[in-house]
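Two complexes, one shared chain (subunit A), two partners (subunit B, subunit C).
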Partner chain A sequence: MTDPARVQSTGTARTASARPSRRRWNPTHFLVFPTVGLLVAFLVFPYLNMVVMSFRNPSTSQVFAPGFTVGNYLDAILDTDLYYLEILWDTMVLGAATTAICLALGFPVAYHLARTSSRFKSVLYAFVLSPLLVGVVVRCYGWIIILGNNDGLINTTLMDLGLIDSPMTLMYNTFGVSVGLVHIFLPFMILPLLGAIQSIDPALEEAAQSLGASRLRTMLRVVFPLSLPGVQAGTVLVFVLTISSYVIPILLGGFSVMIMPTLVVQQLMDAMLWPFGAALAFILSIAGALVVYVYFRLTSRAIRGIA
Partner chain B sequence: MTTAPDPSPIPNESAAARGRLQRKAGHVLYLAVVVLVYVYLLTPLVIVVLASVNAGEFLTFPPQGFSLRWYVAFFESEAFMGSLFFSLRVAFFATIISTALGVTVALYVVRFAGRWRERLRLFILLPLLLPEILTAIALLFFYYNAEALLRTLGIEVASGVFRNSVLGLLIGHVLITLPFVFLGISASLYNFDHSLEEAARSLGASRLTTFRRVTLPIIKPGIIAGALLAFIISFDLFNISLLLKGIGVATLPIQLFDYVRWEYDPTAAAVATVSIVITVIAILVTEKLVGLRSLRF
Partner chain C sequence: MTELAIRGLSKRFGDVAAVDGFELEIGDHELISLLGPSGCGKTTTLRCIAGFEEPTAGHILFDDRDVVGLPPENRNIGMVFQNYALFPHMTVRQNLAFGLEMRSVPKSEMAERIARVLETVQLGDLGERYPRQLSGGQQQRIALARAMVVEPSILLLDEPLANLDAKLREEMRFFVRSLQKRIGITTVYVTHDQAEAMVISDRIVVMFDGHIHQVGAPDEIYSRPVSREVANFIGLTNFVEGRVQGADAAAGECRLETAVGTLRCAYPETLDVGREVALIVRPEAISLSAAAPAESGTNAIPGRVGERYFLGNITGYRISCADDLLLQVQDDPWASFDVGDEVWCTFDAAHAWIIPD
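Right after this comes the complex of A and B.
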């Protein structure tokens, strides 16, 4: 930080030589204090505090009892019914499924948006962004109106047309939750893919096709491998967002689709079991981080293989 | 041999035609998927708006006629109006604070941080990288423990002074919106001709004057775009508000959440439409003032 070249370039050289005693202290450092202070006080400390909380003794009358224990973690992992581990597994499966569907739906859209010369390109881009900018509750509410089990738009319309006799169960099950999750996280998949595909030289595709490769083959053998960095970013993003999502599963799944964030909030807010809730939150975080790490290692090797 | 007509062109031609047909079918399929995904992305938003102006209790197809009765119900509902204004206030203050912090810290990171730049950048982006629900839980615990700590130190504080207060909520909103403002402003600082500032300095302008008269006007689009994005995000923020809401005060998304969980009446659609309109206004203002392209990351 006292590197003379740096000081010169920021224009403090004159001050520095005139007052050598102040050379080590640059007043611009004050610019960083408010933000770093805020983040340390209200992000770093709270997270450390949450780690401590997860090792607290449980209590029935208070939020926690004095003393420390690893029992909260053991209770969750060693539960004989495997209740918590099953919910953890369901959460991971839901995350992987949502990610896969988002990739399958997002790739054609990202490719189209990257290569289109339509004058509506910016409108299409706004369409992709639009769900991101509208609150998650509003978007879920739209799906409730459409999917509702008794009065939903799909059920009433199909019954009026006489196509079905009794309403279908479209909500409060995994189907409803998946429809909502994919809808809400799709933009997070499309945007990194778009960036990656835009950086691929279209001449490579033309070359493949002029050498006789079909469109599909060009897609699978040229475009997809070259867009792998975007695929990696998008899939990790969607997976992490899905396994930590609370509103969508609760609104479209109720308590019949139990995943870890629902369980954690239930333990904290309804049962007031803060230490146990904190332990569950960390189990989810560690499991999620492990999955992402392994995935990252595997896909990074694939990306290096191409580059 | 050379005069005999080559029999191959006919099967070749039909194979080529079949290939063309297949390619065409493939292309149509691809475009159909693209169109369907756009429909899927937009349908819930369109449906919410339709339901809000539909006369009936439930949205049916075809709709039962146009009516503004759900808007009247919304504007007459104290709970919804109260939470709308509460949300706008929280978003306003969160935007001001995170913009002020964002400008100063982006300036520092881009200009003066030196070898700490990358680490500092990552640190400021942390609230964006950590799951929002975890941050919300961590803040809830922290506020509770901070209150207990103050009490053991002999400082008398009311129960829930952080946990259930506007201040605690506001801090949470600032944490989440700060990275977005920071990204917007630092992007405009990176694409900035440094020699302009050097020229001002060498002509005798003070550091502050240079910032006020040269730097600030140039990075203004980035600041405005970042601030409006922060406003939208704070206005729609859910998890932080859910866990840190006070008793009796709720932001609009929380009020809407409580409502749609138990009631199906389209007043919620009117509320949702108003919140979509507020977002669209914020986007149009951004577009008008600085162009949406200033939202570079």
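Right after this comes the complex of A and C.
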């Protein structure tokens, strides 16, 4: 009787000896080293340092005290007021809301851009990218001029016109932060959507119409389902960017819109509570990763068969 | 069922007239082909009927009801696209159900109609497959089924067989033809393949540069073309340029003075003497002989065999005649003339036709 294990092992041994000899000496593979080196030195090491930091004992006089503990995590999660978990929840809600608004605003633009044959297509394209062409701080000051709670452009105009008696609160609240976030992250939604919609054969839309579907039903039943790979990519991008954004919430929300990145920086920089701040940062990362994972599992079912 | 009438249809794209003054009446149960080279306006015409293009001028009447201005979804059409345009994210059954759902057909009736149409296209057991799991021919038949299951008033087909391989394409011609006859639906069929149009159509509309050149049954288009373009586009043709020597409409015959002698042709209309015209004769209407024909009534042109090729069912020759005239001849496969042989090309007056330029 032949021994299948031996047959198999000789088989693998042969391929193993035949193949890598060429691969090992391919010098182009060395070209990844600078990037890998940079990442390890300036990303992986600091991360590891933060992981270690999040388990250190807190101290009032130094950065940390000797010894290790899981207390930082427990303090954040088991806090009786649910203060930290509520901020985590608010962060996730802000992320979901920004993502939803970006999707709702971005889809029609992406569709139009994908289907138009206008000679202004490149101009439109530039408009879509325009939020990325101006620095984030400059852009936020622009929004402050427009949204300002007392002397902002919107409030003064509406009051001059006599449409409102007292100024509305447009800034230093979730509304102002959402406006800023949607503005900057819209391109990250539109570009993946644009790619996905461009790959849909326009004849499919005509087929749907010939079968009696209105423009709206064609969108809902044909275009949207077929653009789901782009929807998935765009929503994940915007969500992840939103829950980790710091500058926009600080400038347009101040400390009255408390979300996780603001809180983490507060703990690290202002309170100098490095171990606790590190623990909060990792709670945010893990929570964000979990949401994205579950989202991927749910949406991948719908996408199967398209991509 | 439905009669389709197109009156003075024109469609311009900027300065270019894609379709100009298109007039056609299509009867109930009729299958009409729009035939012509690419860019002749046949697809634009079809898209105007479907409602995907808005005509610049003219009317499109479904049973006397003008549909111009109606969006495609309100025209109750069935359309088959060149690349089939099956919804890739839906199974065959969901694809077929789509049009029925848009018409709010009850679930039980829907299942029954889908089963019936799958039976009709002989793909009863493929309902749960996705389009990508089907062969090209199967996708084509599902596309046909999807267009027909909604029981449209008009069926529109845009080069539906162009993406199939040659063997299957010939098979599908008969399938589409018999299906259309069985259902009896008014159909407009766009193609650039003349053989396909001949096999499938009741009448053929031959188009060039946005204009209709001729409308007629396949044999009429083939044997009595009205323009050089039509004669050239449909099959192989020999043109012999000449001048009218005498025409007798009563006898239905016309005599031409040409560089290769006087030729006779059956032609029902009177032509002015001296007018420059072209006589056309199809390659298979000419027969070859070594000796001059005894009969004086037939046309005979002497020449020399320039080239010979064998196609199995026929042998083809290119005969060099006087005045640089090159005649294409298709003869029996067993007729054996060699290159360089002196031959006589003879053809009956009834098999020739005149195109007045």
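Quick note on the criterion: the second predicted complex is superposed on the first by the 272 of 307 C-alpha atoms of A that agree within 3 Å, B and C clash if a C-alpha of one lies under 4 Å from a C-alpha of the other, contacts with A are read in each partner's own complex, and residues count from 1 in each chain.
Definition applied: contacts are C-beta pairs under 8 Å (C-beta built on N, C-alpha and C of every residue); 3 or more make two chains touch, one makes a residue touch a chain.
Note that this is a predicted model, so its numbers are computed, not measured.
S.K.: Of the two partner chains, subunit B (first) and subunit C (second), which one does A:E206 touch, if any: first, second, both, or neither?
M.R.: The second partner, subunit C, only.
S.K.: Based on the superposed arrangement, let me know which partner A:T157 touches: subunit B (first), subunit C (second), both, or neither?
M.R.: In the superposition, A:T157 contacts subunit B only.
S.K.: Based on the superposed arrangement, let me know which partner A:V109 touches: subunit B (first), subunit C (second), both, or neither?
M.R.: first
S.K.: With both complexes superposed on chain A, which partner does A:S118 reach: first (subunit B), second (subunit C), both or neither?
M.R.: In the superposition, A:S118 contacts neither subunit B nor subunit C.
S.K.: For A:S214, using the defined touch cut-off, is the partner it touches subunit B, subunit C, both, or neither? Pick first, second, both or neither.
M.R.: both
S.K.: Identify the partner contact of A:T169: answer first if only subunit B is touched, second if only subunit C is, both if each is, neither if none is.
M.R.: Touch partners of A:T169: none, neither subunit B nor subunit C.
S.K.: Can you tell me whether subunit B or subunit C touches more residues on subunit A?
M.R.: Comparing touch counts on subunit A for subunit B and subunit C gives B.
S.K.: Have a look at where A:L226 lands relative to subunit B and subunit C in the superposition and call it first, second, both or neither.
M.R.: In the superposition, A:L226 touches subunit C alone.
S.K.: If I apply the document's touch criterion, which positions on subunit A are contacted by subunit B in one structure and by subunit C in the other?
M.R.: Shared contact residues on subunit A (touching subunit B in one complex, subunit C in the other): 214.
S.K.: Residues of subunit A touching subunit C in their complex?
M.R.: My answer: residues 201, 203-204, 206-214, 217, 221-222, 225-226, 305-306.
S.K.: Quick one: in the complex, what on subunit B touches subunit A?
M.R.: Contacts found on subunit B: 23, 26-27, 30-31, 33-34, 37-38, 40-45, 47-48, 51, 58-61, 101-102, 104-105, 107-109, 111-116, 120, 123-124, 126-127, 130-135, 137-142, 144-145, 171-172, 174-175, 178, 198, 201, 207, 232, 235-236, 238-239, 242-243, 253, 256-257, 260-261, 264, 268-269, 272, 275-276, 279, 283, 292.
S.K.: Across the complex, what residues on subunit A touch subunit B?
M.R.: Checking each residue of subunit A against subunit B gives 1, 3, 6, 10-11, 26, 28-29, 31-32, 34-36, 38-39, 42-43, 45-47, 49-50, 53, 63, 105-106, 108-109, 112, 124, 126-128, 130-131, 133-146, 148, 151, 153, 156-157, 160, 183, 186-187, 214-216, 240-241, 244-247, 250-251, 261, 264-265, 268-269, 274, 277-278, 281, 285.
S.K.: With touch defined as at the start, can you tell me which subunit C residues reach subunit A in the complex?
M.R.: 50-52, 71-74, 76-79, 81-83, 85-89, 98-99, 102-103, 130, 146-147, 150, 156
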